[in-house]
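You will see subunit A twice below: alongside subunit B first, and alongside subunit C after that.
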Partner chain A sequence: MASIKLHEIAHCYNAGKGTGVDYALKPLNQSWDNGGAYALLGPSGCGKTTLLNIISGLLRPSEGRVLFDEKDITDLTTEQRNIAQVFQFPVVYDTLSVAKNLAFPLQNRGLANDVIERRVAEVLQMLGMQAKANLKARGLNADDKQKISLGRGLVRTDVEAILFDEPLTVIDPHLKWQLRTELKKIHQQFQHTMIYVTHDQTEALTFADKVIVMYEGAIVQIGTPEELFEQPKHTFVGKFIGSPGMNVLPCELQGSDIVVNGNKIALGRPVSVSREDSKGLELGIRPEYVKLSADSGIPVDITGVEDVGKHIVVRSKFHNIDVNIILREGEDIPGNPGLIFEPSKINLYQHSYLVGTG
Partner chain B sequence: MKPLNNKAWFMVLPVLVLVAFSAIIPLMTVVNYSVQDTFGNNEFFWVGTEWFQELLTSERFHNALQRTFLFSGLVLLIEIPLGIFIALAMPKRGIGVSICLVLMALPLLIPWNVVGTIWQVFGRVDIGLLGHGLAELGIDYNYTQDIFDAWLTLIVMDVWHWTSLVVLLCYSGLVAIPEVYYQAARIDGASRWAVFRYIQLPKIKRVLLIAVLLRFMDSFMIYTEPFVVTGGGPGNATTFLSIDLVQMAVGQFDLGPAAAMSLVYFLIILLVCWVFYTIMTSYDNDEIGQGRQPNA
Partner chain C sequence: MLELDKVSLSLDGEVFLNDINLTLKRGELNILLGPTLAGKTTLMRVMAGLDKPDRGSIRFDGESVLGVPVQERNIAMVYQQFINYPTLSVYENIASPLKVAGLDKVKIDSRVDQVAGLLRLEEFLDRKPNTLSGGQQQRLALARALVKEAELVILDEPLANLDYKLREELRSELPKLFAESGAVLVYATTEPSEALVLGGNTACMQQGRIEQFGPTLDLYRHPEALQSARTFSDPPLNTVTLNKGKEGLTISGTSQVINLPQQQLIAGKYTMGVRPHHLSLEKCSGIDIEVNGVVTVTEMSGSESFIHFNFNGNDWVALVHGIQNYYSGELVSFYIQPSNIFLFDALDRVRNHNSVEATK
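Up next is the complex of A and B:
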């Protein structure tokens, strides 16, 4: 196993064609510690898969170097890299049995038959598929097929890292949770470096120790799930993570007070914002930290109420800006409502980037 | 018990009438001929199974049948692997795709008798590019006199004419394979052969079945090209079943034996196609059967 380092990696798919560089992945530096569980989170088309394919060698980056344990492997082929990758859609070798599918990567690497047999038996047990070992892979359902795809990575003894490219997309919702738990267990047991690409925040937050949020070909934040929730470094992260996402309101700064459309919010303590330019300021606050009170706070119009079970989401409008509020059970919507923000949970953004916390 | 509703029969009646006129009635006419004898003048005599008995013991029929099987077998053995190979070598994207597809489709657009004429002239020793060229090189080649040369000409001609069909079918199967399979194969360290054996071949199996059936049926019924090129000669060396049949029916006007032969010919094609189909799909059924086992 190895740590993976990406040095000034960038990629554009139309390199050398036409004019102008259209980066699918903007230049970035990132290291992945040996044995870490990472999630790459971001909307479709933000460069997650590109980044993954660069690590596995399916794609050669147009700029930068890939290092495994400080060794430059940028020019090595996928076959030489000892990386396992599980794709969005399960890939199985239809005509081979489950056991033969698992043996396939080992046979290609010319391992001895008794070693192969032992490894396959181990992985079958790990995946709980002993009973299906001799079935043809074609007849299996999607989640078993995806398990085999995963198993072909696990069966190898030389694997430095396992990459997952939205592996649970085609899996039934009730099995997703189960498979994710199994993955987590496998990670704890074998300590492979795992990088898990997803656009589903629940998946990312439950799977990984560290979540990397990508947006428009760049990494916008790396952090623990808690950091991403409490202090999103970019308004995109705030909006993307959480359900509903963070409320973002344009604001101004007057001393230590935040002014939202003429409504003053006392922060209670000064914030450090670069004073030269106070334009493009925005206030970010999680719906969880907004309260509704009668006859005080920032007046809003309630436009909708959704009961999602454990809490109630109140949709409101404030000068054409949507503001969501989460009410705990038992709390009522007062007449003539106003918004009260919890001062310590307010984040300040300038040009979408975090500049101060409450 | 549900009450039977026979109205549905009226719904299929138009199709039934159409099929009757286009297939059943002509076929029955042949069946009718096959059990009768005629001396012209539209007079027929009942002979029972005599023509069939005669046919099955006829050396002429057996020889023609063997020649036809040999021809079909050789054609399949060459065209199927060659077709797969060319399809694999064809580009998957870019301008080359259109060029290759057009080039591949060209031989298929030429009418059979024109193909025959082209090769008949091409192979002639006196004026043909191929025949004369070979003669100049000192190779003794003459498809009108040498049995081996005649067969070689016909087989090369058929390969030239019909390999494209196999190529196009296989190519359509190959381009339908998602890129992710190749990526997974690279992750698994698969060799080129393993990729072909475990990804490409299984994925093109269905179109390959169609290719094999079409090429078998077509080559087994081949008539026009050998008729134009060799006329069944030298001697009877390239007299396939179809040529023999036409000689019997049109040349000798033996309607009864010709009808019996047509039926046997038809049944052989049907039987062989069924065998091919069963062999090539038995693997699938086996898999589906296993897949349906209850989850253990």
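Up next is the complex of A and C:
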């Protein structure tokens, strides 16, 4: 396994054609530790797959160098980089059995038969596919085929890194749970360097030690799941992570109080914002940290209630701004409801960037 | 109203639909929930008249539609893959069903404007579909289905190919969009959370059968059988085998007694089912049931944690609030309120429905 360094990397798909640079991936510097589990998270078109393809060698960056353990591998092919990859759709040999599919990458490396057999047996067990070892891949359903693809990605122990591109997107929800947990266990056990691309926040947050959130070709925040949840550095991250995402309300500062449309919220702590420019201020608060109180707080109109079983999402409007609230199972909406924000959980943003946190 | 009576379909000895009985009313959203290959798409195709069942009857507003070709019925369909006319503009795409129906230009304009407004496509009317994002393209497909004022609207996993956030947005918009349409709405999904957000009615499907049908939240709260409880649980339902004997109800292979409020049960085997968010790290009352296990892995999502553990030989998962980091191999105790337990008999039918009912 290797550490991965991206030095001044940038990419545009139309490089050299016409004028003007249209970056699919804006210039970035980034280092990833050996043995870490990373997720690249963002909406479609944010550049996450471009970045993954640059690491795997499927794409040569128009600028910058890629280093594995300080060795420049920018000009090496995917095969020469010694990595394993798992894609969104299954890549299997239909005419081979499950076990032979798994053995294939090992045979290519010229390993001894008994070593191959032992390793294939291990991976079959990881995937819970022992009973299907000798079945031809052709007759299996899509979920099983994707399991084989995952297995082929995991079977070699000598790779520098394992790259996953939306590997669970086409899998049924129940199996998704099982495989995601299995990947997490495999990472804890073997400490492979793993990079996992997804648009699904639950997958990214539960799988990775560090999540890299991307937006419009740039990295907007790198952090642990907790950091991304509690202190999003940009309102985009706040809104993208969480279901529903963070509430964002325009506000002003009066001393150490935040004022939202005439309603004062005592923060109980000093905030530093550049005084010359106190414009563009916004308050960010997660629906999990908003309470509804009878006859107090900021008065709101309730516009919708979605009972999703484990909790209730309440949609409300305050001066035409949407504010979502999460209530626990069984909690009721009080009469004449008002919003109460948990002061320590309020984040303050200026021109969309975090300037003060709880 | 769409009525299916004893509808079955087999092909080469394989059963695709098994004795389907369903009555779907106009103006209500009806969800078909089940894993891939449960029969959702086959059932929708049969409803639309694209496939003919071997047995049973299908009536729309009281009249049989068996054998009536799909083009003679007023049906709109949206699939997982967005299908739009690539050479037509967004406006022309939305207008196409109205042109086919022979509406005049003024009427077409006003309908297109109205629907484009609802689906927030106004600013793209002159563009070609391939210049839109995936979410916008699927909105366009939905717009065509909506503008048609069809009597039967079939939506087959329409959000499955979209980004998570877009899906979230469209999920909460969809019921409102179709609320006033007066059509029979059928929506297929594999995701329990999607069914819950959409609301309406849900039919749990499994192996070509409908396990249970009713208002979505009722189904979630009061599954009649183990299979519906499993289909409707995300993360998966936790289960353990119980034994009813002289000592009362005990966890199979142990002497731990489970005291449930209503226990007129015959001796034998039972299955206890618990949803992951009903496992708590804190004891709330003296009657809470304690389960102990060994942690296998913990997943933390920033706001909540999924603690996977082994309980009496079964893989269980608890969903708890906040960041709770437990290490593999650690011993952990959870508490369950008895009212949150489902008890299923040897035939997997629920046995304590009433006590569950009493909690809500």
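Going forward, the second predicted complex is superposed on the first by the 331 of 358 C-alpha atoms of A that agree within 3 Å, B and C clash if a C-alpha of one lies under 4 Å from a C-alpha of the other, contacts with A are read in each partner's own complex, and residues count from 1 in each chain.
By our rule, contacts are C-beta pairs under 8 Å (C-beta built on N, C-alpha and C of every residue); 3 or more make two chains touch, one makes a residue touch a chain.
Source: prediction; values computed, not measured.
For the composite obtained by superposing both complexes on subunit A, the positions of subunit B and subunit C are free of clash and fit together. In the superposed pair of complexes, A:Pro43 makes contact with subunit C only, with no contact to subunit B.
In the superposed pair of complexes, A:Glu306 makes contact with subunit C only, with no contact to subunit B. In the superposed model, the angle subtended at the C-alpha centre of subunit A by the C-alpha centres of subunit B and subunit C comes to 70 degrees, rounded to the nearest 10.
When the shared chain is aligned, subunit B comes close enough to touch A:Thr77, but subunit C does not. In the superposed pair of complexes, A:Leu96 makes contact with subunit B only, with no contact to subunit C. Between subunit B and subunit C, C contacts the larger number of subunit A residues. After overlaying the two complexes on the shared chain, residue contacts for A:Gly280 are found with neither subunit B nor subunit C.
Of the two partner chains placed by superposition, A:Gly128 touches none, neither subunit B nor subunit C.
After overlaying the two complexes on the shared chain, residue contacts for A:Pro250 are found with neither subunit B nor subunit C. Taking all C-alpha atoms of subunit B against all those of subunit C in the superposed arrangement, the shortest distance found is 11 Å. On subunit B, the positions that touch subunit A within their shared complex are 178, 180-181, 183-184, 186-191, 194, 198-199, 202-203, 283, 286-288, 290-293, 296. Residues 35-37, 133-134, 163-166, 168, 172, 190-193, 196-197, 199, 217, 220-221, 230, 234-236, 275, 277, 296-297, 299-303, 306, 308, 317, 319, 323, 328, 360 of subunit C are the ones touching subunit A in the complex.
Residues of subunit A that touch subunit B in their complex: 53, 56-58, 77-79, 83-85, 87-89, 91, 93-96, 104-105, 108-109, 131-132, 135-136, 138-140, 149, 152-153.
Residues of subunit A that touch subunit C in their complex: 43-45, 141-143, 172-174, 177-178, 180-181, 184-185, 188, 199-202, 205-207, 225-226, 228-230, 239-245, 286, 288, 304, 306-310, 315, 329-330.
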